[in-house]
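Below is one structure, written out as structure tokens; the observations come after it.
As written, the chain order gives the labels A, B, C and D, with residue 1 at the start of each chain.
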Amino acid sequence: MSHAAFVHSLWTMSADAPRKIPAPQIEYAQLSPTLIVLGAACLGILAEAFLPRRLRYPVQVLLTAVGLAAGFAAVVALAAGGYGTGKAHVAAMGAIAVDGPALFLQGTILLVALIAVFTFAERRLDPVAHGRAVDSFAAQGAAVPGGEAEQEAVKAGFTTTEVFPILLFAVGGMLIFPAANDLLTLFIALEVFSLPLYVLCALARRQRLLSQEAAVKYFLLGAFSSAFLLFGIALLYGYAGTVTYAGIADVVNGTVRTVDPALASTTGNDALLLIGGALVLVGLLFKVGAVPFHMWTPDVYQGAPTPVTGFMAAATKVAAFGALLRLLYVVLPGLRWDWRPVMWGVAIVTMVVGAVVAVTQTDVKRLLAYSSIAHAGFILAGVIAVSPDGVSSVLFYLAAYSFVTLGAFAVVTLVRDAGGEATQLAKWAGLGRRSPMVAAVFAVFLLAFAGIPLTSGFTGKFAVFKAAAQGGAVPLVVVGVLSSAVAAFFYIRVIVLMFFNEPQAEGPSVAVPSVFTSAAIAVGVAVTVVLGLAPQYFLDLAGKAGVFVR
Amino acid sequence: MSFPLLTVTAAVPAAGAVATAAVPAARRAAAKWLALAFSLATLVLAAVQLARFDPDSGKPFQLTESHAWIKSFGVRYDLGVDGIAVVLIALTALLVPFVILAGWHDADPLEEAEPNRRWRPTQGFFALILLVEAMVVISFEATDVFLFYIFFEAMLIPVYFLVGGFGDRAGARSEEETAARRSYAAVKFLLYNLAGGLIMMAAVIGLYAVTAHQLGTGTFSLTEIVQARADGRLQFATVTERALFLGFFFAFAVKAPLWPLHTWLPGAMGEATAPVAVLITAVVDKVGTFAMLRFCLQLFPEASKWATPVIVVLSVIGILYGALLAVAQKDIKRLIAYASISHFGFIVLGIFAMTTQGQGGATLYMVNHGISTAALMLVAGFLISRRGSRLIADYGGVQKVAPVLAGTFMVGGLATLSLPGLAPFVSEFLVLVGTFSRYPAAGIVATLGIVLAALYVLVLYQRTMTGPVKDEVRGMPDLRVRELVVVGPLIALLLFLGVYPKPLTKIIDPAVGHTMSQVHRTDPKPDVPANDVEAAK
Amino acid sequence: MNPVNYLYLAAVLFTIGAAGVLIRRNAIVVFMCVELMLNACNLAFVTFSRLHGNLDGQIIAFFTMVVAAAEVVIGLAIIVSVFRTRHSASVDDASLLKL
Amino acid sequence: MENLIGLLVAAPLLGAAVLLCGGRRLDRVDHWIGTLLAAVSFALGAVLFADLLGKDAGARTLTSHLFSWVPVGGFRADVAFRLDQLSMTFVLLITGVGTLIHLYSVGYMEHDERRRRFFGYLNLFLAAMLLLVLADNYLLLYVGWEGVGLASYLLIGFWQHKPSAATAAKKAFLVNRVGDMGLSIAIMLMFTTFGTFAFGPVLTHATDAGEGKLTAIGLMLLLAACGKSAQVPLQSWLGDAMEGPTPVSALIHAATMVTAGVYLITRSGAIFNAAPDAQTAVVTVGAVTLLFGAIVGCAKDDIKKALAGSTMSQIGYMILAAGLGPVGYVFAIMHLVTHGFFKAGLFLGAGSVMHGMNDEVDMRRYGGLRTYMPVTFVTFGLGYLAIIGFPGLSGFFSKDKIIEAAFAKGGTEGWILGGAALLGAAITAYYMTRVMILTFFGEKRWQPDADGNRPHPHESPRTMTIPMVVLAVGSVFAGGLFSINDTFLKWLEPVTGHAEGNSPLSAIEVTAATMVVLVLGVALAWAQYGRGPVPVTAPRGNALVRAARRDLLQDDFNHVVLVRGGEELTRGLVRADHSVVDGIVNGTAAAVGGLSSRMRRLQNGYARSYAVSMFGGAAVLIAATLLMRAV
């Protein structure tokens, strides 16, 4: 029949078809981690709304911690239930995958978030303002910096306890992101965890101008990138007629033909597929901070409140790489020969640029930002090896890396002077003399970043490069090795600064943290050392989790 | 399962490091004695190893231990010693106590240093020394490439802190500048070696890829790979083998150090305190040359043979180059450093001469060079600590005021120029003979080294010890008891091994023979086998 | 008329939006350009949905609108707060963080 | 009996150990300990000598294998001794003269505060020298070879506070090292050729090896000999070596160590016999050196340096003889022994003179000493007569034989060598007479020394004169003793072998010629110094004289070529090491840094430029993907 008639029938069908539409059936149990976290977030909002101000802080901290812990427990339960391996399947009408990678990454994200909450909750570092201990978030985000509104807020002892539910929302999004099994869910999850992060970035207590600037940049560029992502999704949808990963994959593999001959006649070529795929990749590469989509990273990392930076650097990377893996391994494997060379290029450029530019940085947070870019490059090297080994090595690397990062940023929050955190490297001179313990811990993290043996960094790097080499990407390994030699230089520079340089007269002091930050740092060190010395158990875990469902 | 002797030998100093580091700031002396005790305990264990080691059993590795470690990477915790390793472990365990004794006061905080309960340099110094010892020992013991690599690489960190953190107080110039020069030297040392190590990491991964591809399961076990090669289950493509060989060799050549990768050594040895300098050249660098013997040759025999000519040339250059630069040095410790570069040239030359004499001599050389450098460097350290200057020009006529110091210095020097009757002569001559019998030209050119050695040693002695007594050295005290305790045994050892090296050669010989058979090389035959004719009679 | 033309239109709109992001200084305008890009995507979705004869595209368009709305909330909040501090909505004025 | 050989070496070694490590508490008895142990080893030597005499000529070889030293693969070096007639001769010479000189030193070094160390070094020298001559293989010989080098280094530089002494010591050691290089290369060659370097196998199978290899070995051995025996071109160190105490000059740099080269060549006779080219090289070196040394000896005013020149030249004779092969070996050794007596005697005499003249060495400031120190005069005189070859004294017999053997080489070569030898004899007569006259005759030309106190010449104490007397006796009778019905020849022949040369001149003619040149030399010297007064400060002299005073300019040559060149080279290398080898490394680092700071500027803080990079990146990504599909 004719086009018009077809369309008309479409309308009418939808008119008298309610009973024909199958009720969506959702496996709530299998989505429990996400649901728990989001639920906790909603409770947090209610708490903000109804609880008296003095109660909010303890309640929020408790609520968030419990929520995340419960979520982690749920993940463990699912994994134990075999959803990671045997019973792995696609839930929620094909919207969300419950399989090894998803559970592993969700577990990692939840743990990271849990530790991040500790750093969020730290209230011992900043000097007491008007008799109240304060954390590193603005008294009142809306108030103009330095304006009397802010003075009022500070006097009144306001604190933005909203950060906790916001954090939870972000975590919720991150949990869905790597598990998303169709492009729409992917997009939604992306936005769900991005928007809260934009807000968090703007909420620094000190140097609010920088904080707000970081937020603006992050927001605009983020929105820009998500537009690319969305357009890519549109094109893929156009190509395949569906947005589910499995469906697209079938079309790519040629097992199913696209429905409409009209479309086939005009855009039957793979241009839609290729361009769409590329655009989606752009969106994801932006989130992982790969060159040339990295430029927001240093600015945002520096401007955002340090606990947020730590959380972002760790959790965002995990989630984004998870999504990237799923996309490349489930949707586009049929296209391997098209995207692999491109990703090679991206990986190489990312490693080199990250390492080289970091050499001349003068600010600890920026330094760590560039180092995170370089590490993104290393991880990409593992992603490119299209093999179960590749997946598990990337999973392991992400776990190892995120804890080191959290720990490092937690240490950064400790080193303070009159103007808050002293992030200029110059001020760190001789820190080893003043407080050897802190300096030593930071040195451990730096060595892990540098991939010195007996730290988690080495194990991860080795795993990734091994996978890459076996995937035939030997040149990639060589470049990676060379750039990590360059990278070693600036990590070492910081160590030299801390231990071998004479302390400055008016250098920063190290604040004595409460149990929260101490715990965070302790966990970081513990994980770093354990994954360095006895990684086998976790490698097995990652290995078992190395298979995607589709 | 039998008593894990090898593990314990490495674990004791490690434990010592922890214990020493834990000593409270006030109890500095206690830390020193603790460290000394642990190092001596290690020495005992090393002695036990020597005793339990049976050179004549056909087994390539003995006292072996084997446990799974990282299955996913095919990494095993495999330990085992051959004749070469057990001797070098003994050397390490022997030298460290002397290093500790010699460095007794090197890490005492300066007077004006503000009292700080948490800042404990002394404890750190000795803890780091023990840590280095532990890592060196285990990398001598490891028969799993990955295991070796890990400690080969991790070793850099404590050494780095030793060099950068506890520099030579005898800085000729201002405190800041010495600090700057010191951290420069330390960073250079670390980056140079780290680069080498990372390139080796690429090769290690490559090795895994190859084994995984050909054997089904990737492995790093030296014995397994050698075995697989022997029965043809594992064949390297020529290019692959050469690439991997170069990857390994580069790292070892940096650490050895071989010309032209030597430039980090003079700085590191010059800026570090004498005991640390000894630790670096006498112990740590030996891991590099040792690894050439154990890994380069045994894993990649064909590639080794392919690379031999170039390496021989490089090491000969190194011999002459190091010696000539030593002659031109104005700084005592830098002079000794360049002398060591020349000696490492000899060692590498011996290894790649691919003759029994060459490799046996090279192994012996590692031991002897360790002892002789220790003797010379430590005495130099005592001298420098007295005058507070490293410049040769600042000395003169010392033998008049401190005859014993001068005497020991002389003996150390004579050992360095490998005078017959002292240990180094034997090894140096073996290396030369071994080289000469395969590469006569190289052998002859290398022999020039002995003249140059005499030159730089005697010039050093003449300028510092003889001539009219300089006012600055007047009233310089002679060696103290502690210092004599350090130097005396070393000199005695030099004499003993010079006259009767057989105990060592007995152990080394079979191991060298095994290596040679791995590389499929045999010694060249003499034109007129006079000995055999005599025997026939 | 061939619905494919709508695709071309979508592409053009998207490009215009992108160009606007690159060119305009005013944060609000830049932000509007992003919205324009999102809407270009919507157009594409709807067109494709039409071509494929299934409703997914249209549904997605709704989702996109919601997301866009959410973005507006956050975005405007941030931009306004910045404006109140700096008394300028120019993107280029916010360049303290660099190098 | 064999076990005694070990003790022979051990005794002085023990002495050295005790004296050097003993510390101050020995300072009363040190000199006697040293002397005693030297004497002990002499006694042992005598016992062994008697034992050898007991055996019949063929079986006079004792070997004792102590332990295997360096067993590595096919490489086997043992600590084993071999005592045959040749080494026996040396043992007696070394220990005998050595003991005498120890005794002499007791007096000579009485007031030196480092006397203990002096005797320690002397004993060390004895041990090393004995090891050298007793070793059963070349590697062990090498040990002794360098050992004596070390001892000589220590003793030359004994007065280290004098920079000149320290420098001389260093020079001696370095030049010797060059020679040692030759020896070690020779040993390597032997190892590759014969698979061993023990005397027995090597020497018995020498003839089986190719001549080329043998020549190479021979030349390397010659290089070694040149270094140790101060032969051209490695002779430069001997003159400066006179910085050492006089007993040292007498023992090491006249009687024993410097003759080690002769021992080496004679010992390796089998190799040289099979390598004529090497032999030619040896005789050339010998002939050149004997003239060189003689000429230098004529020009020196420093009594010890004059004697040093003479030593050089006399050893030249020995090397020459040794180079002649079986014809000459015996006479080389014979001259070596007699020379040991009279040259040691002369040096001790010189020492005694200096002792009396508060350490003045310039002969132009002596004169007329014969009445003041009669014993010295007599002993020195006898030594003088012996060295110039006065009929009936030792030198006459030994030198005469060598000259004869030189002619016996035959052909023009023979004439040249013989001529050189004769000329050398004439010059010897000349400069020795000069020394004699300047020192003991003529009017007193004594000058006050640096501290302005005039010398009061007096005879030396008993401890010093006794050795001089003994040595004088030796230098008078030794030659005759050896030559009566060829005792020495018969004694040594089993080891070295002997062949009668067929000289174009008969023995009588040679002797006559020698006498003639001798008289001429003496006469010339007397004409020049004996008649008129001698200027206290040396006249400028002609070019040759001036050159000879500067050791025929070879130091200047060394300075320009080796020292300067070497300094330039090292300085260049230092620069290269810093700028090139290290420069590359630092350059890379700098390059990365520069690149970094350049790329850093892209991060300019403008969100829009970041967006541009994203947009561009996306474009590139798309293009690349499409391209991938296109190709």
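Note that contacts are C-beta pairs under 8 Å (C-beta built on N, C-alpha and C of every residue); 3 or more make two chains touch, one makes a residue touch a chain.
As the structure is a prediction and not an experimental result, all values here were calculated from the model.
**Student:** Suppose chain centres are the mean of their C-alpha atoms. Which chain sits farthest from chain A?
**Tutor:** D
**Student:** For chain A and chain C, let me know how many angstrom lie between their CA-based centres, rounded off.
**Tutor:** The computed centroid separation for chain A versus chain C comes out at 24 Å.
**Student:** Quick check: how many Å separate the C-alpha centres of chain C and chain D?
**Tutor:** Result: the chain centres lie 97 Å from each other.
**Student:** Between chain B and chain D, what is the gap in Å from one C-alpha centre to the other?
**Tutor:** About 37 Å, centre to centre.
**Student:** Please work out the Cα centroid separation of chain B and chain C, and write it as a whole number of Å.
**Tutor:** 65
**Student:** Two-or-more-chain contact residues of chain D, please, as numbers and ranges.
**Tutor:** Touching at least two other chains: 589, 600, 603, 605, 607, 611.
**Student:** By the touch rule stated above, which residues of chain A touch at least two different other chains?
**Tutor:** In chain A, residues 216-217, 220, 224, 298-299, 489 touch at least two other chains, as defined above.
**Student:** Hey, what residues on chain C touch two or more of the other chains?
**Tutor:** Residues 18, 21, 30, 91, 94-98 of chain C touch two or more partner chains.
**Student:** What chain-chain pairs meet the touch criterion?
**Tutor:** A-B, A-C, A-D, B-D, C-D
**Student:** Looking at the complex, which residues from chain C come into contact with chain A?
**Tutor:** 2, 4, 7, 10, 14, 17-18, 21, 27, 30-31, 34, 37-38, 40-41, 44-45, 47-57, 59-60, 63-64, 67, 70-71, 74-75, 77-79, 81-82, 84-86, 91, 94-98
**Student:** Which residues, counting only chain B, touch chain D once they are in their complex?
**Tutor:** Per the stated touch rule, the residues are 188, 191-192, 259-260, 262-263, 321, 324-325, 327-328, 355-357, 360-361, 397, 399-400, 407, 414, 419-421, 425-426, 429-430, 432-433, 436-437, 440, 443-444, 447-448, 450-451, 454-455, 458-459, 462, 465-469, 499-502, 505, 508-509, 512-513, 523-534.
**Student:** Show which residues of chain D lie in contact with chain C when the two form their complex.
**Tutor:** Residues in contact with chain C: 600-601, 603-608, 611-612, 615.
**Student:** Quick one: which bits of chain A touch chain D in the complex? Just the residue numbers, please.
**Tutor:** 216-217, 220-221, 224-225, 228, 270-271, 274-275, 277-279, 281-282, 286, 291-293, 295-296, 298-299, 337-339, 341-342, 345-346, 353, 356-361, 486, 489
**Student:** Taking the touch rule as given, give the residues of chain A at its contact with chain B in the complex, in rising order.
**Tutor:** Residues in contact with chain B: 392, 433, 435-437, 447, 450, 452-454, 458-459, 462-463, 465-466, 469-470, 474, 477-478, 481-482, 484-485, 488-489, 492-493, 496, 499-502, 535-536, 539-540, 543.
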